[in-house]
Structure formats: structure tokens, C-alpha cells
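Both complexes below contain chain A, partnered by chain B and then by chain C.
Showing the complex of A and B:
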């Protein structure tokens, strides 16, 4: 039986701004469903992807209440990916770049993540079968 | 011989730095490497037959496997019968498959 692949993803974009965030989370979701071991290094604006203070909202312009608007929040997707990976026997080691977090006041992230530095990215790359960097423009 | 996965997420009508990425894919294929050019997000626009699609067709002719993310195509209302010759719709799973396979991967 082949060993479980370990993949590292490097995210840079803040949420709500670019399709790259959605695509990155789609990739993580696919790999989590396969039970892969996943490493994520979130830096710059991406440290806000799992920000715990994200909140759904109604949309008065379109006349929709909170339930009708059903506003998606990336922190919920990250939580779902971590839970799915665990269900499938995989892992998610998500590191938030500490300096990026401090600069942005983004310390309040969902549980299950950890603070780190670019040195963690080097370690991730060393132990991974592959690394995909998804840079911002 | 290394295999390559090149992911193109940008639309050439938005930015002028995409041609080199297609050329890189074609050059690698020309050297005998297995190369997949995976189009995603607005990167799928030139997969639709248009004035912008010729470079992609040319890359496919050099042996590059050109795939377009099915979800991105659906989001933009591009049906498979509108795709330029040599481009195939594919699920995003292909990217995970090829990462796990150990391909050298580059995102643009």
C-alpha cells in the first residue's frame, strides 16, 4: 500500500477578494476527502482566511435576511476541511505566519491552527511530496 | 525526466504576462517533458474559441495536455462544444493527482 501523500499549500490572498482563495480551499477539500496529510502556510492577507470573527450578514439592498443571504465565510470552510481530513484519517497542519498576524491584528483564528514563521514553510517543504505556492498578483 | 504541472489562473485579456507561461509549457513539452497546462478561474476564458485562444491551441499541438477546470467553465457559461481544439474539461482533482504524483508545479 502506497504511503499517504503529504502536500503543502502556500496561501497569500485575503478572503473575499479573489477566486484564488476559493480555488485553494477547493484543492484542500479534495485532498482532505482523500485522507491526505495537508500542510498549509498562510501568510500576508491569507491569515484572515480562518479569522474567527468573520460573521454572516443580511443584505438590505437585496431585501434578504440573514438566513436568505446565507453568506459564506471562509473560516467555516477551513473548519469543515479540518474536520473532513480527520474523518478520513488525514491531518491538517495549518500555520499562520506570526508576523503577518501581528501586523494585521488577526490573532483570533478558529481552533486547530498554530502560529509559526517561514521556517515552518521550509520544514513543510522538506517533508512533503509536493508544495504548491498560490501567489497573489 | 521531470513532469510538469502549470496552473494558469489569469485571463490574457486582463493581463499581458500570460503568453510566456503558454510558451514555457510548449518549450518543456518540446524538450520531451510531460506537461499539463491546467486552466482555472478566469484562465479558462481563452479556452473558448476566440481571438485569444490561438496560443493555447498552439501549445496543445506541441504536446501539452491542456485541461480546463469544469467548475470554472460552468461558472462562466462556457460549454464543452465551445472549447478550442486540444482543450479538455477536467475536474480540479487532476491538480491534486499530479501534485501527489510529484510533478513540478507552478501556479500563475
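Showing the complex of A and C:
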């Protein structure tokens, strides 16, 4: 049997700005569903993707209250991807760039992630079948 | 065996004043320090990064002056000193009217037609 693939993703965009964040999460989700081992290095604005203080809101323009709007924040998607990976026997090692977190006051992230440095990205690259950088443009 | 990674920097001057550097050049320094075998290719607007006459100093909002503006050409020169190969795409220099004499020393020039061959020498290509 072929060994389980290991993929590294480098994310750079903050949430709620462009489609690249959603695209990155789609790719992570597909890989998680396949039981792959996933590494994520959240760099610069991407440290806000799993920010725990994101909150859903009602939407008067949509005519929906909080429950009806049922707005999934990106942190919820990250949490769901980690849970899906576990269900499928894979792993997600999500590292938040520590200096990027400090610059932005983004220390409060969802459980299951860890603070790290570029040295973690080096280790990720060394053990991964491939690395995909999804940079800010 | 250690992997060889080429950092292709294309998006330029992204947050460089807030960061006081280019974040990918910075990351390359840090990863090199952590043992990664990595080189850099400058293309697109990043072809301006090695121009020595850049001066980003003088930013001031209210009474708050920036005392450590980005010095990206110097940061690239320090990468070269560390043994990192820094390539620049000659077509992108030509389009911008940048002369070789405008640039830091030690850069390696590469034409866009030669990029596939260059890429073939690396295990991973990270396009920023």
C-alpha cells in the first residue's frame, strides 16, 4: 500500500478578503477527506483565519436572524477540517507564525493549533510530498 | 536528502513599510538559518527589489517617524553573502528599464525562456 501523502500548505491571506482563503480551505478539506497528513503554516494575515473571537451575526439585509443566517466563520471551517482529518485517520499540524500573531494581536486562536516559526516550515517542507504556497497578491 | 526549494517572488512591496522588510525575503533568511537549502528568483515587479538607489525613508504620521525603513536590496545582498543564489529575470528588468549597473552585486540573471531548466534543479518551487 502506498504511504499516506503528506502535504504542506502555506497560507498568507486574512479571512474575509478574497477567494484564495476559501480555495485554500477547499483544498485542505479534500485532502482531509482522503486521510492525508496535512501541515499548514499560517503566515502574515492568515493567522486570523482560525482567530477564536470571530463571531456570527444576524443579517438584516438577508432578512435572517442569527440562527437563520447560520453564518460559518472561517475558524469553524478550520475546526471542521481538523475534525474531518481525524475521522479519516489523517492529521493536521497547523502552525501559526508567532511573530505574525504578535504583530496583529491574534493570539486567541481555536484549540488544536500551535505557535511556531519559519523553522517549523522548514521541517514541514522536508517531510512533505509537496508544498503549496497560496500567497497574498 | 535535504530538499532544495526555490522561492519565486513576484508580488512586490506588499506590506513592506509596516513590516520594514519584504516578508518572503525575511522568511527566506529565517529558513536559511534553520537549514533549508533555498534560493530566490525575482520576477515581475520584484525585479525592482535589487535596485540599490531605493530609499523608503522619511515616513512620518503625526509625530511618529519610521526610523527603520525597509532596505530590501541590502536584505538580498545579505542573502547572497549567506550563499543563497538570487536570480532575477532579465526580461522583467528590460521591461522596466532597469540596468544591471542599478543592481546589487552577485545577482544571477536568467531569461524567462530559461526558467523551466532552472526550475528543474529544485525539488519544490514556492511561488509568492
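Just so it is clear, the second predicted complex is superposed on the first by the 135 of 137 C-alpha atoms of A that agree within 3 Å, B and C clash if a C-alpha of one lies under 4 Å from a C-alpha of the other, contacts with A are read in each partner's own complex, and residues count from 1 in each chain.
Convention: a residue touches a chain if its C-beta (ideal position, glycine included) is under 8 Å from a C-beta of that chain, and two chains touch if they have at least 3 such contacts.
Here the structure is a predicted model, which means the values were calculated and not measured.
**Student:** What is the contact status of A:5 with respect to chain B (first) and chain C (second): first, second, both, or neither?
**Tutor:** It touches chain B, and chain C stays clear.
**Student:** Check whether A:80 is in contact with chain B, with chain C, with both or with neither, and answer first, second, both or neither.
**Tutor:** Neither chain B nor chain C is touched by A:80.
**Student:** May I ask you to decide whether A:20 touches chain B, chain C, both, or neither, giving the answer as first, second, both or neither?
**Tutor:** first
**Student:** Contacts for A:36 in the overlay, against chain B (first) and chain C (second): which applies, first, second, both or neither?
**Tutor:** first
**Student:** For A:135, using the defined touch cut-off, is the partner it touches chain B, chain C, both, or neither? Pick first, second, both or neither.
**Tutor:** Both: A:135 reaches chain B and chain C.
**Student:** Answer with first, second, both or neither: which of chain B and chain C does A:110 touch in the superposed model?
**Tutor:** neither
**Student:** Counting only touches as set out at the top, which of chain B and chain C does A:119 meet: first, second, both, neither?
**Tutor:** Touch partner of A:119: chain C, not chain B.
**Student:** For chain A, which residues lie in the overlap of the chain B contacts and the chain C contacts?
**Tutor:** Common interface on chain A, chain B vs chain C: 130-131, 133, 135, 137.
**Student:** Please output the residues of chain A touching chain B within their complex, sorted ascending.
**Tutor:** It is residues 5, 7, 19-20, 23, 26-27, 30-31, 34, 36, 129-135, 137 of chain A that touch chain B.
**Student:** Looking at the complex, which residues from chain A come into contact with chain C?
**Tutor:** Its residues touching chain C are 10, 12, 43-44, 117-119, 121-122, 125-126, 130-131, 133, 135-137.
**Student:** Taking the complex as given, what residues does chain C use to touch chain A?
**Tutor:** 2-3, 5, 11, 14-15, 23-24, 27, 30-31, 34-36, 124, 126-128
**Student:** Spell out the residues on chain B that touch chain A in their complex, using ranges where they run on.
**Tutor:** Per the touch definition, chain B meets chain A at residues 7, 9, 15, 40-42, 71, 92-93, 95-96, 99-100, 102-103, 105, 107.
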